[in-house]
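Residue numbering begins at 1 within each chain, and the chains themselves are lettered A, B, C, D, E, F, G and H in the order written.
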Amino acid sequence: MSATVGVIMGSDSDLKVMQQAADMLEQFGVEYEMTVVSAHRTPQRMYDYAQSAAERGLQVIVAGAGGAAHLPGMVASMTRLPVVGVPVNVTPLNGVDALYSIAQMPAGIPVATVGVDNARNAGLLAARIVALGDPAVAERLEAYRDALVEKAMKGAARVEAAKK
Amino acid sequence: MSATVGVIMGSDSDLKVMQQAADMLEQFGVEYEMTVVSAHRTPQRMYDYAQSAAERGLQVIVAGAGGAAHLPGMVASMTRLPVVGVPVNVTPLNGVDALYSIAQMPAGIPVATVGVDNARNAGLLAARIVALGDPAVAERLEAYRDALVEKAMKGAARVEAAKK
Amino acid sequence: MSATVGVIMGSDSDLKVMQQAADMLEQFGVEYEMTVVSAHRTPQRMYDYAQSAAERGLQVIVAGAGGAAHLPGMVASMTRLPVVGVPVNVTPLNGVDALYSIAQMPAGIPVATVGVDNARNAGLLAARIVALGDPAVAERLEAYRDALVEKAMKGAARVEAAKK
Amino acid sequence: MSATVGVIMGSDSDLKVMQQAADMLEQFGVEYEMTVVSAHRTPQRMYDYAQSAAERGLQVIVAGAGGAAHLPGMVASMTRLPVVGVPVNVTPLNGVDALYSIAQMPAGIPVATVGVDNARNAGLLAARIVALGDPAVAERLEAYRDALVEKAMKGAARVEAAKK
Amino acid sequence: MSATVGVIMGSDSDLKVMQQAADMLEQFGVEYEMTVVSAHRTPQRMYDYAQSAAERGLQVIVAGAGGAAHLPGMVASMTRLPVVGVPVNVTPLNGVDALYSIAQMPAGIPVATVGVDNARNAGLLAARIVALGDPAVAERLEAYRDALVEKAMKGAARVEAAKK
Amino acid sequence: MSATVGVIMGSDSDLKVMQQAADMLEQFGVEYEMTVVSAHRTPQRMYDYAQSAAERGLQVIVAGAGGAAHLPGMVASMTRLPVVGVPVNVTPLNGVDALYSIAQMPAGIPVATVGVDNARNAGLLAARIVALGDPAVAERLEAYRDALVEKAMKGAARVEAAKK
Amino acid sequence: MSATVGVIMGSDSDLKVMQQAADMLEQFGVEYEMTVVSAHRTPQRMYDYAQSAAERGLQVIVAGAGGAAHLPGMVASMTRLPVVGVPVNVTPLNGVDALYSIAQMPAGIPVATVGVDNARNAGLLAARIVALGDPAVAERLEAYRDALVEKAMKGAARVEAAKK
Amino acid sequence: MSATVGVIMGSDSDLKVMQQAADMLEQFGVEYEMTVVSAHRTPQRMYDYAQSAAERGLQVIVAGAGGAAHLPGMVASMTRLPVVGVPVNVTPLNGVDALYSIAQMPAGIPVATVGVDNARNAGLLAARIVALGDPAVAERLEAYRDALVEKAMKGAARVEAAKK
């Protein structure tokens, strides 16, 4: 079965963070593919990846990068698919550089930016988009929200117990 | 015909910025509705809006807010639809406060953040998502990219002419 | 005896920080309750908590959260009680994101913000408010200030001794 | 009738901002006094003001200052009353300097910080505290929240009308 | 005669800033060309521009862009020529976004970043590089430094006169 | 009579700000000289100025500069006199660049940094230093403090009158 | 022999940083005293310390504090002596809060701010001021500069050797 | 054979970072020299180094410094050679201080700034400049880009394998 979401990153050193996007997609039963596409080192590969994404059946591209993080924005300029950008914290500037480099795109080329290192939310956002055309994913998203509630309630119990 | 995208804002003073999201949707032939939903002043209305959004046929919610901009994140916690957040620059902090308040959501509740005051990109992002299920919108997005190229080429001509 | 101050937090992982607010209240003999109330995961619970707080006898709500910290502001919008917000440092942005998300509330919905991770001051602030109607707490606050002086004087002695 | 809230500021040039705190108190029927107390130019006056505040019947002190804004924190160290601090934007640093100087108090001396230039919220916060012992003020606060809802609904109507 | 320096910008709205780079090159007798090359709107044009730059005889590329300023870094990844990046101040973030997006490139792809809106220095830097192989330009650079001294001395005279 | 304080600035465009330092010295009866000394354009002049300062009878050097403000630190490295640095706000970064460039000197070479654009305080600081050896200046400083009190009290009266 | 420089800090936890100021004074043969004076916990003690400083023979006060660092500015407002402020890095904000709280003083009350945690430079600055009236200290400062050169030259040798 | 690139740093403690610039030059067969030149401790040595650089055959100077990093800008003001500046992260401010101190140079004196601690890119930038007149270096730069592609492709393979 072909992938619905493409998870890409600027360097394999981003894998530790980006794996969490993949884990979310896995959990929601969304088919995905995952690879390294470097805006700066393999621009032609990026071009090919982005250009062919829609016709290959991808619906969303999740792209993570750190520092002067150009990958999400460049990919967004080469496809009409929604692109989710993950600012990865890899420099002394705490990820603020990546956040600005991804979020502050010029009018005309949008990137759906999530929080610094928050690849989990990138996976979730992709799942929310996929769910628009896939009721099974939508259902799992509803179940996930129920699970969040349950987890919060368990945390509440633990905190309440901490008070003698 | 019912709306596919809901454009909401925390205050009617955000209209000047958020109108640009509406203009984009208009341009792409995406049906939308637009209103004020205040996280802090009308929490029940926000709850109702977010809870009913999916069943009312909305596919994407675009939410703009400034300062401690809670609207996009709160709405995202009450729906499984993708929510696009627009940080509006309304305080002395230049919109950095709104950018952080929208992008830095906890894992579990994603918001698709765009740049400060960049409601145009929010509209475009919504259109990209809608286009996944609507080939006519997809086509218009491709045409829009062609228009961007043309506009860039005109700019190039103007700049080249500026050099004697 | 029913609680006078409600100490809430967005996640049980905030307990380590928020425990210091509870410790202060304990020290000042202020009855309190403590639990998890998540703005994003349990919005209905938050609504119920905030709405009923005044009639349940609470006088102050101390709310801690990190990142896009919406809990204090949202609770403040649903009660007329004073709400004290604690920005918790949980993201790579060093708590600046939480500080902005809590302090930069729109006009109309105030949050009493304390320093990043400074739950101790949140507890103290709540005690100062409670003391307005409770002379015993007021007295303990005066004693606390005396103790601060004594501690400072001991520090002075230690530093003076450090100079040979 | 004697004042319940003291509104002070570091310089008469802060009046334009701080007047909004006074207006709020006026609107809620809270008796207040208003003057200039400079931490740096009149330290003795500050000491006297803070020391006598509780016995003079004040319940809350609202203090505004800009730049290295020491007034709120210094006053908070000399009284057991709750002190609300307003960072005023008067330097090229956009009020971030004042926000940090007021919010980042050491553990032991809390200041209830509001947003940059947001004296309105400072007035409201003081009213919320006063309301704990004054049902009439509490009632007016509830009415104020209703008015906020109404104003939001009017904004909603205006925005909805903006969409043809 | 063919150009030695290519001055490019992401949008014709950057011309007002980037013209100063051109003016410097003009002043130093360095042949240059100037046009718009948009990383996001005309990626193929950018690719062609960068790829052919060296063989077309360019020695330096000066690239200006604002916001999530990807142009300098992307061009730098597609040529072995030195690329000078100018962060242009076009968003509410005062150019810090562009500065980070240009300077914080990953190891492997360098961009020679100058100050925000400081296209004049970009032109000068290009001239310094060109001067390594062009003694006439080197000479003009020395003369320019002399002129800077003279201008500083005139400023000194003016300031000294300001003191009665 | 020869100057006791040297007021220098990186460019004559800094005069508007730096004039306030001169005004303060004038007011305190401290002899001063004022000129432009550019770290970058006239390094030899800077070297000569700093090296000869002590033997020429200067006691303090007040140096203002903007952006990458090197003048105060460089001068401080070439003299044993105390150097007061004034960060001047001349770039889009609001003077934060100059503040960091002046305050964050390496251990070994101190600069006495004042607030952004706050040349008045630089003049005052110089006067405080001069006063250590000049009782007349010390006396005028005491009088100045009295005047500050008076001015604050007038402000207090004005603010108190503003409350009907 | 009585002290010429007073080294004070807001808390004994600042000793580790402030000890370096003392070490510098020791090295330059400047008599100093060292103690804790807390702006917030012992305001009266601070008042007494600052008020009596000049007549007790102090020439300079070096004051260190972290977070909302009020000590240097408050002391500066209560004496006509030059006050050197050391921003101590004790909160998650990396000392930027202390830097702003110390440097951004209102016009009228100057503080000579040094870099974050750079108490060594504070000691040096005090020594430079003391040297104006004490030739022996001036001589030692000159010798110190020679030692800095020597140390730099040794570093140069080490680095040159690092290149095979 | 004489050096083509001079690698200098403000302190031998910068060697760990700056060694990476040297490694790059080594790898590209560019002759270089490396030493400590301190703007603040050895200004005369800096002056001599910069003034003689061109005639000694240097084509590029790579200068690294931290905090109020004046070395690159000062050297740039004393030579007509291109100067590459490396902001070194040595203070609590995460290198933002050094970045601003190096990049925000006044118009007239350019520094080619690279990312915080990114000495590798400084070496590469110097190599790119040297390559303009040295085809062998140009060739090695092309080979380096091929190696980057290969490394990226290996990373891609690793990441793809990580997905079961």
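Going forward, a residue touches a chain if its C-beta (ideal position, glycine included) is under 8 Å from a C-beta of that chain, and two chains touch if they have at least 3 such contacts.
Being a predicted model, the structure only gives us computed values, none of them experimental.
Asks: Among the remaining chains, which ones contact both chain F and chain G?
Replies: Chains that touch both chain F and chain G, as defined above, are D, H.
Asks: Among the listed pairs E-F, F-G or A-E, choose the one whose interface is a repeat of B-D, with over half of the contact pairs the same by residue number.
Replies: Repeat interface, by the over-half criterion: E-F.
Asks: Quick check for you: after a Cα superposition of chain G on chain H, what is the rotation angle, between 0 and 180°, in steps of 5?
Replies: 90
Asks: From the mean C-alpha coordinate of chain A to that of chain D, what's the distance rounded to whole Å?
Replies: Roughly 42 Å, centre to centre.
Asks: Give, as an integer number of Å, the spacing between the C-alpha centres of chain F and chain B.
Replies: 48
Asks: Distance from the CA centroid of chain F to that of chain H, rounded to the nearest Å?
Replies: Roughly 34 Å separates the two chain centres.
Asks: For chain C and chain E, let me know how many angstrom lie between their CA-based centres, rounded off.
Replies: Going by mean C-alpha positions, chain C sits 51 Å from chain E.
Asks: Provide the list of chain D residues touching at least two other chains, using ranges where the numbers run on.
Replies: 11, 40-41, 67-68, 91, 93-94, 96, 103-105, 108-109, 115-116, 145, 148
Asks: Using the touch rule from the top of the page, what pairs of chains touch, sorted by label?
Replies: A-B, A-C, A-E, A-H, B-C, B-D, B-E, C-D, C-G, D-F, D-G, E-F, E-H, F-G, F-H, G-H
Asks: Taking the touch rule as given, give the residues of chain B at its contact with chain E in the complex, in rising order.
Replies: 89, 94-96, 115-117, 145, 148-149, 151-156, 158-160, 162-163
Asks: Which residues of chain F touch chain G once you look at their complex with the stated criterion?
Replies: Of all residues in chain F, those touching chain G are 20, 59, 80-82, 84, 99, 103-105, 107-116, 118, 120-122, 124-125, 128-129, 131-133, 138, 141-142, 145, 148.
Asks: Touching residues of chain C toward chain A in the complex: what are they?
Replies: 9, 11-13, 15, 19, 22, 32-38, 41-42, 45, 67-68, 91-94
Asks: Could you please specify the touching residues of chain H with respect to chain F in the complex?
Replies: Where chain H meets chain F, its residues are 10-11, 39-41, 43-44, 47, 66-68, 70, 73-74, 76-78, 91, 93, 96-98, 100-106, 108-109.
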